[in-house]
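Please go over the structures that come below.
Across the two complexes that follow, subunit A remains constant while its partner is subunit B and subsequently subunit C.
On to the complex of A and B.
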C-alpha cells in the first residue's frame, strides 16, 4: 500500500509543477461554464424545463464538468502509448500491480484537480446564479461518495479502452464513442430532457451514472435517490475495475516486444 | 509581390499533397480519425436537437437550422484551417525550442512555411461534417452561397487568431497556453448563437477578437444580405490576417536561435 501512496504523492507534485497546464484547464473550465450559463440564461424565462430551473441547470453543468475534469482522462492516451510503444514491458517487471499502479499514479493528480475544480465549480455557481435553493448539508457525504465512484468508474473504463490497444491497431473509435455517450447522456443535458423510454434505460447505464448521477444529487437531492443511485454506481465501479483487469490480463499475453 | 504570393501558394499546395500522401499511408488510422471527428461533432447536433425539441421554439431568435449553420461554417472552416495550417498551434513550441531555425534557413516566408508544414487528419472529419450537415439541413441557396464564402474567411480568421496568440511568445516568453486558449475561445464562441453573448463579451468577439465574423456575421448575411456587411467580413478577415503576419514578422526580429539539432523526415 505504501508504494501506491508514494506514487500518488509524486503525481500531486507533478500536478503542482505543471502550473501552466492547470491554469489552461481552469480557463477552459471557466469558458465552458460561462458559455453554458449564457445559453441557459437565454433559454429560461422564469420557467422550469424537464423539472430543472435555471439555478439548478447551471449548477448541474458545473457538476458534470467537474466529474470530467477530475477523472484523469489522459489515462486513455497513456495506456495507448505504453502498449503501442512497448514501454509497458518495463512496467511488468516492477513489483506492483500494473492496474493499481496506474490508478495510484493518477490519484494524486485527480485529488489535486478535485480540490481546484470543486472550488471553481462552487465559485462559478455562486457568481452566475447564486446558491442552490433548498440545498441540504446532510447531502454532502452522499454527494462526495457519488463523485468518488463516478470518477473511479470513468477512470477504469477509460483505462480499459486504452488497453484495447493490445487487441486493436486502432482503438480510438472506442474512446470517441464512449466520450460521446457521456456527452449526450448526461453531461450536456440531464437525461430528463430525453423521452421517458430512454430515461428508463439510461438510469441504469454507466454513461449517465458517471455524469447525471452525482450532478442530480447536488441539484435535487433526496435520500431515496441517493439510495437508488449509489449502489448502482458501486456495481458499475466493480464492473469497470474487473473489466480493466480482464482486458489487461488477457491482453498482456499477446504482448510481443522487439528490441529496446 | 504577385510572384511571391504565387510561389507561396505553390508551396502550400506542395505541402498539402505531400502531407495527404503521408496520411494515406496509414489509411485505417486516417479514416478512423476522420469519422471519429465527424461523430464527435454530431453529438453536439444531438444536444441541440433535444434542446430545440424540448423547448418547441427558438433560442434568442435562432432556430435549429441556424445553429447548425454556425456548426457547418465553423466545422468546415476549422477543417480547412487545420488541413492547410495545422502547425499553427505549435508556433510557441517552435519558438521556445529553436525549431524555427529550420524554416529560417529556407528561401520561403517562415510563417507560411512553418504553419503549412503539417496537416491534421481529424480536420478532414471537420471539413466533411460541415458539408454533410449542410446537405442534411436542406439549406437554401443563400445559405449555400454564404457557406461557400465564409468557410474561407473562417479558416483565415481561425488561423490568424491562433498566430496572433502564439506570436506573443516572441515578445513575452512562452505564450503557448495563451495561443491555445485563444484558439479554444475561437471554436467555443463561434458555435453558439450570437444573441446569448452580451455586454463586454459581445463587444470583444466583434472587435479585438473577431470571432463573431467567423459564423455569426455570415448568418446575418444569410437573412439580411448587404454588400457593406460582406465587404466588412472580407475586410476584417484580411486585416486580421495582415495583423497576424505583421506581429509574427516583427517578433521574428527578437527570435534567438537555440542549439537544437533535429532531423525532418
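On to the complex of A and C.
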C-alpha cells in the first residue's frame, strides 16, 4: 500500500508541473457551460422539462462536465502509448500491480482537477443561474461518494479501452464510441428526457451511472435515489476494475516489443 | 549455481501482412493474413552467478526479445526460462526485487521531476528501508558522480547525466542480476568509462551477475569474459571473449619500420596492407603461416621497429556477423 501512496504523491508533484495546461482546460470548461447555458435558456420557456427547471438543468450540466474533467481521460492515451511504444517494458519490471500503479499515478492529477473544477462548477453555476433551490447539505457526503465512484469507474473503463491496444492495432474507435455513449446517455441530457422504456434500461448501465447518477444527486437529491444509485455504482466499479484486470492479464501475453 | 537458465526458449510474433494497393488493403480488412516471425528460436544456455556475459548480435537478431523474456516482460511462445530459480513470467513480481535493468533507449525517470524524486519513489516501490536507501544512494552518488544534478529536472540533464541516473535507479534495490540493453549507446568516452568502472565494481564487490547486450566492442572487451552471439534468433557462437579475440579471425597484423629501403613480397598466408620504402604493414593468416616463421623470415638487422597486433574487436564481431 505504501508504494501506491508514494506513487500518488509523485503524481501530485507531476500535476503541479503540468499546471500550465490547466488554464486551457478551465477555458474549455467555461465555454462548454456557457454554450449549454445559452442552449437551455432558449429551450426553456419558464416551465419544467421532464422534472428539471432551468436552474437545475444548468447545474446538471456543470456536474456531468465536472465528472468528465476529473476522470483522468488521458489514461486512454497513456495506455495506448505505453503498449504501442513498448514503454510498458520498464513498468512491467517493477514489483507493483500495473493497473493499480496507473490508478495511483493518476490520483494526484484527479485530486488537483477535482479541486479546480469543483470550484469552477460552483462559480459558473452561481453566475449563470444562481443557487440551487432546496439544496440540502446532508446530501454532500452521498454526492462525494457518488462522484468518486463515477470517476473511478470511468477511469477503469477508459483504461480497459486503452489496454485493447494489446489486441488491436487501432483501438481509438472504441474510445470514440464510449465517449459518445457517455455524451448521449446522461451527459448532455438527463435520462428522464428519454422514453420510459429506455430509462428503465439506462438507469442500470454504466454510461448513465457515470454522468446522470451523481449529477441528479446534486440537483434533485433524495435518500431513496442515493440508496438506489450508489450500490449500482459500486457494482459497476467492481466490474470496471475486473475488466481492466482481465484485459491486462490476457493482453500482456500478446505484448510485442520490437527493437531497443 | 546458474543464475540464468534458458531451455529451448522461443518467441514467435504474428505480423499482419498487407499487400500493396487498394485491393489488397480491402482484402486485409476483410480477411487479415498473418505472417509468423520467429524472433527467438530454441535458444538454450546458462549463465553462472557472478558471470559477466556479453550477449551480442546484429540488429533484429533477437537480443532484446530474449532479455525481455528473461525479465518477465514478454511471454515465451515455448521453452523455459529460469532466473534465480524463478519463472520470470509467473513470478514476475518476486523476481523484480532481485533484478535490475537498464534499457539504453528508454527512460525510467520522471521527465519533469529531479532524479532524486524518482529515486525516492523507487525506494518505496522496492520497499527499501530508509537507512539502507540512504547508504545506497550515497554510494551510487559517489560512484557515478551524481551530486551536482540530483536536484535538476530530468529534462534538463544531458544524455550522459541521464544515463548515470538511470543506472542509479536500477541499482538502488541492490539487484543480484543486472540486465543491460545497450547501456552505453550515444555516450561519450568519459561517461562510457565511468559506467564500465561501475559495472566492474558491482560485479567484483557485490557479485552482481551482468547480462549485457551492446554494439560497442569496447563494452564487451572491457567487461565480459564470455560472449554469446545470437543471429536470426539462434545461438551462433558461445565462447570466451579471449578465445574469440585470439582465435576467431586467426589473424595478426604486423607493422614494421625499416632502417634501409626494402621491398617485401606477399607469400602464402601473408597479405600486404600498406607498403612504403621504409615501412610495411601486413596481415598474417595464422592457419596458413605460423607467425613465428613469418617473423623469422625477416631480415632482423634491417628492422627498426615492430608491432604485432590482434585485429580490433570490432572487426572480429563484424566477421562473425557476416559469416553466418
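Annotations for the structure displayed:
We take it that the second predicted complex is superposed on the first by the 260 of 260 C-alpha atoms of A that agree within 3 Å, B and C clash if a C-alpha of one lies under 4 Å from a C-alpha of the other, contacts with A are read in each partner's own complex, and residues count from 1 in each chain.
The rule is simple: a residue touches a chain if its C-beta (ideal position, glycine included) is under 8 Å from a C-beta of that chain, and two chains touch if they have at least 3 such contacts.
Since the model is a prediction, treat every value here as computed from it, not as a measurement.
When the two structures are aligned on the shared chain, A:252 is found in touch with subunit C, with no touch to subunit B. In the superposition on chain A, A:92 makes contact with subunit C only, while subunit B stays out of contact range. By the document's definition of touching, of the two partners only subunit B reaches A:170; subunit C does not. When both complexes are overlaid on chain A, the residue A:3 reaches subunit C alone and has no touch with subunit B. Touch criterion met: A:49 reaches subunit B, while subunit C stays clear of it.
By the touch criterion defined above, A:26 lies against neither subunit B nor subunit C after alignment on the C-alpha atoms of chain A. Touched by subunit B in one complex and by subunit C in the other are residues 169 of subunit A.
On the side of subunit B, the complex with subunit A involves touching residues 28-29, 32-33, 35-36, 39-40, 42-44, 46-47, 50-51, 54-55, 59-60, 174, 176-177, 180-181, 184-185, 188-189, 192-193, 195-198, 201. Within the complex formed with subunit B, the subunit A residues making contact are 20, 23-24, 27-28, 31-32, 34-35, 38-39, 41-43, 49-50, 169-170, 172-173, 176-177, 179-180, 183-184, 188-189, 193-194. Note for the complex: subunit A touches subunit C at residues 2-3, 5-7, 9-10, 13-14, 17-18, 86-90, 92-96, 169, 252-253, 255-257, 259-260.
Those residues of subunit C that touch subunit A in the shared complex are 13, 16, 59-60, 64-65, 68, 71-75, 92-94, 96-97, 99, 101, 103-108, 110, 112-113, 117-118, 120-121, 124-127, 181-182.
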